[in-house]
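After this come two complexes, each holding chain A, first together with chain B and then together with chain C.
And then the complex of A and B:
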């Protein structure tokens, strides 16, 4: 549009609008679909659908009120809402005229005079009213800055309590008695070959730390003493061998023991550890062997730990080297 | 529910040899009372102890390779009730689980069945050897206990469909329950051993304890819903949701450790095994899904996928219908 035209419109204070008369709906209206041209039949069908929906919705009320089984409640609510919605949509789709309808709109932009006077007013007032206010801006910046810092707190808290010393060591120490989740100790005859159980240091079997960090799998691999690696000659008396239950990959509980394959399998990423040779990973993403707990039988015949784990349990972290061989 | 039916059948079967055994132990008690006059009032409490001490020699030699020494964990000589007769271990266990050996009279029929069905792989002596002494296809079955034979045969895993397969899969059993016991009686007669065939008394089971123990000991492989899962090298932990898995088979599996399953021995008492079995047969096999379809309890990823597929897919179809131009 030209400037001249705009100018004239502003003077008349009338919006530019293309006058399109709304067509009067008749049965010959090209916007009406086939069904709408025979409305009695379509209306009857839609009425039936809506009536059915009403009945089912009422049934939903009865089902809810009378506490029928959840299937009936869900089915009546779902079917009722669906039928009502279906009827409503069909009403709009088959009985109403279908578009496209086009409505012209006036030009949105203001005239150049209006824009010019607005700009002039802003420039004129800026010297007095609209100007930089360092005090207000500074206080606001301080407040929002503090809020920004505070907003980090829940992120940090969601990481859980600080690990403390649990990354470095466990509660297993020299002489720790091995007990199961019920606090029962383990003696020579408790497991037969092919058996597995989860053990904790005595007194910590029902604590969150004991269950999280100290959990250890005890497996009986054979009847006689087992040597899993050089330097571990006395660690697995009578074939009882104990490994940390925390996968060295991401710390999942390595609880799947396949007794014929003599493999511990991690359920998360299928790392496999051979229990005979010191749980060296033979498949999967685990970077280090599971730490082995040295065991001995005390005077009462109960299994105890010769000492703690000789290395940190659980997954690696950035301060720890991860080699496949000895995990040192 | 199929469980009570097999229960009744089994208890009837047990009656055949328990009756004479029971009568005999009553007679033995009477004799004891004669020797210790005045002790008859205590007889009921001392009966258990005397039964144990007497039967060690009456039980003959029993191969205890497969059981722990923990009290009431499936070891006949460390259990509350032990019944032996004529040098044969008949029954042992406690109030939670009773382990019963099939009657020795079954062994004759069992040998015939074994020769027909099992011997081609396990050898005619069930020792896993060919006549020339070389190793056969199947392992040595001597000394595995009647429960082991019963488990493999009643779950249909034996006779195996494919001897070269990584694992023998569960399938409809070839032999009947009674025939399985007959084979077990024969194999057990070659080297009397334990565990015997268990019957769990689920009446007093503690489902909450069972759930806890299931999570700690079973869920790692069988998953928390018992749906089973794949393991290493083509092996798998079978589904426990299959309602054809009986309470007896679950006890057997825990006590014998079939194939790659660990053997749960002294770390689970008979009462604890009973609790786990009750949890499996009542809750795992009859899951309650108040929200609708359980989808086999396969987990949130699968459930979310189905919800997305049906939900969003359905909505997309409806949108398509609403917005369709004629």
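And then the complex of A and C:
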């Protein structure tokens, strides 16, 4: 086509040029797609697409300059890029030599002598090293090995504190006042029957530890002085029952309360805990009941904790000890 | 030349040599680096034409989009969990206590020109990146492209998939919104579930008990913007380097052998097509970013560990792990003063470890099972390897079923059935679907092996009635394009002319380049 003619034209003036033909298939070539058999038409269409793309890209500039809506900026940018890309690909597909061309593969493998010589160098030379200077090699290996071990520990160790007992306890202790996220205490009439709220130990409601670890869900159920399990006779005065809000599966807040069935539901993986019998998991992957917080009304009529949780809250970990309350 | 005349345009051009400036640049480069010979071979590199070879390109180009949009985002994002009061342009959040990371992300969305678009493009590109890697990997698997000599590239690709998934998870954890914070909480608990080391690794990484001292944000940031991108870039270079060194695989067909590659050349044909494809990938990502909302963090709010939202789901490529966590029975081991949360450790640590190790081990496994230690450059049709195809289909079925299981609550809600039913259905399906899919695939492969002309367009059957009233059927002559080019092409003409390369290296060209060079044509 026209490219070929140009090459020929240039060659007259620069006779030293070597011609590198990249033959364009004849129109009768069975490999040619229909569109490629009419190159003039294909070129016109591709030119149109590229021109349109150029205009839309210019529109993208205008949209960005003039700070249009994000969708308008994105639409002009996306459509412009797509059109330019489409045109270029079509150009490559229909107007450039497709072949098929054949390229022979190189044999990657070396000759057996070359392999042998490499293996020989490795084996023979290292044999010399190891056989003759065992002591030196051993000392060097020991030294670098120690460095490796020493380097790992300080690096890891300085990242953060070891867990220690931090995973075991919460900030709830004997006499902790229950407050909501705004710091208001809870009295007899705060919740109606069926009501639910999240409480924290006083003073920690706006801290990340209070929100992440101490978060406790407080529910009021029908029965006054609900007994959820043996030994917990005095834990839920006036039907106020409190459980750790951390799911024992993966630590998501157990934030959904199915009021009719009196089930606490974890939205992450749908573990369900029965509020009535000590938050025993009734469904889903959670392995343990939610720990229960023992409550009492103080002299002012505000709810306080009789003590902390009797076990670690949240999901399991290796150092977590088995407790009697583990139940199922 | 010798006359001291003023240099004219013509003499200048002549001084540059026959190939002008380009020739001069090649000359200067070659003096220093010796690139000309290899460069010419590279320009002539043959790329087989098949649509499925484009899947890896999608991955490559969405990575380019990720880098470009990521650089933009990094200019405005503040990786800090320090709490501040929001005073930005988004009215519903004003006066709320939010982290700087969250505030800066909302600011990118509403305060930075084009910011929302770039954020959404970045998120879409990440989802496309992982998706295209998975589909590309499936193509490699089902056609046996991973076989010797390409096992190492399979390993590199699998590593890149793991890196891409990690990068995605860490990336969507950065904005510190309610959903990403919940994801991090789950991530912390999964790390915690590892026996012996779990609680140490978790507190080291996060800087204490969850949510830690805020160091996880900065650590994830540098991992997300520097460390993993560097690792992926390195692996990508190795991936493409090996591809050039070992050359492409190709499908069987006339003229295609184990010792050649048939297709179109790197320059200009493939270069034009692939550059166009880069633009199209970027364009589609931009259109998605413009019209398909993704991760509207201003609706979720800043992360508060005691808050949660309904229908919490991770990005799609984490769905299979979430599904595995959901359907796992609550088998916590407790005894001897220790707890091993098997209900977390098995589905979230052991299971993905197993899956990826199977992927890593597959080429060696297949080599051992089949005893086939030969070099392969021609691809299999999936039906010709029914066992491999069945195994791959079963694996995809398992992962897809688990992915679907990550929406148990949404499905129960939508179909008004009990969660219990949905959960138990998925427990059964997770076992049953892969088995059924594997068996059916195996059977289909065997069936298809016996069918002639499958994969080709059907030809019309013309029914003739003769004058005597006799009916005969004749298969119509093939229309142009009826033949399946990939399977039965015309005998391939050899067309690339290598003569200039041979001529340009006078002396010792003939014997040494005879195996490596293309044949002279025409």
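Quick note on the criterion: the second predicted complex is superposed on the first by the 216 of 328 C-alpha atoms of A that agree within 3 Å, B and C clash if a C-alpha of one lies under 4 Å from a C-alpha of the other, contacts with A are read in each partner's own complex, and residues count from 1 in each chain.
We adopt the following convention: a contact is a pair of C-beta atoms (placed from the backbone, for glycine too) under 8 Å apart; a residue touches a chain by one contact, two chains touch by 3 or more.
All figures in this text were calculated on a predicted structure; none of them were measured in a lab.
In the superposition on chain A, the chain among chain B and chain C reaching more residues of chain A is C. Look at A:189: by the touch rule set out above, it reaches chain B but stays clear of chain C. In the superposed model, A:197 lies in contact with chain B only, and not with chain C.
After overlaying the two complexes on the shared chain, residue contacts for A:93 are found with chain B and with chain C alike. In the overlay built on the shared chain, the residue A:154 is in contact with neither chain B nor chain C.
Of the two partner chains, chain B is the only one that A:258 touches; chain C does not reach it.
When the two complexes are overlaid on their common chain A, residue A:267 makes contact with chain B and with chain C alike. Of the two partner chains placed by superposition, only chain B is touched by A:180; chain C is not. Overlap of the chain B and chain C contact sets on chain A: residues 34, 70-71, 74, 89, 93, 98, 181, 198, 253, 255-256, 267, 270, 283.
Within the complex formed with chain A, the residues of chain B that make contact are 65-70, 212, 216-217, 220-221, 229, 231-233, 235, 257, 259-267, 290-292, 321-322, 325-326. Within the complex formed with chain A, the residues of chain C that make contact are 17-19, 44-46, 49, 113-114, 116-117, 120-121, 149, 182, 185-186, 188-190, 192-200, 202-213, 215, 245-247, 255, 258-265, 268-273, 275-291, 304-312, 322, 325-326, 328-332, 334-335, 337-341, 343-344, 377, 408-409, 419-420, 423, 480-481, 485, 489-490, 492-497, 500, 503-504, 515-519, 522. Those residues of chain A that touch chain B in the shared complex are 33-34, 70-71, 74, 89, 93, 98, 180-181, 186-198, 219, 253, 255-261, 263, 265, 267, 270, 272, 283.
The touching residues of chain A, when paired with chain C in their complex, are 14, 16-23, 30-31, 34, 64, 67, 70-75, 77-93, 96-108, 156-157, 159-163, 166-167, 181, 198, 200, 208-209, 211-213, 215, 245, 249-253, 255-256, 267-271, 281, 283-288, 314-322, 326.
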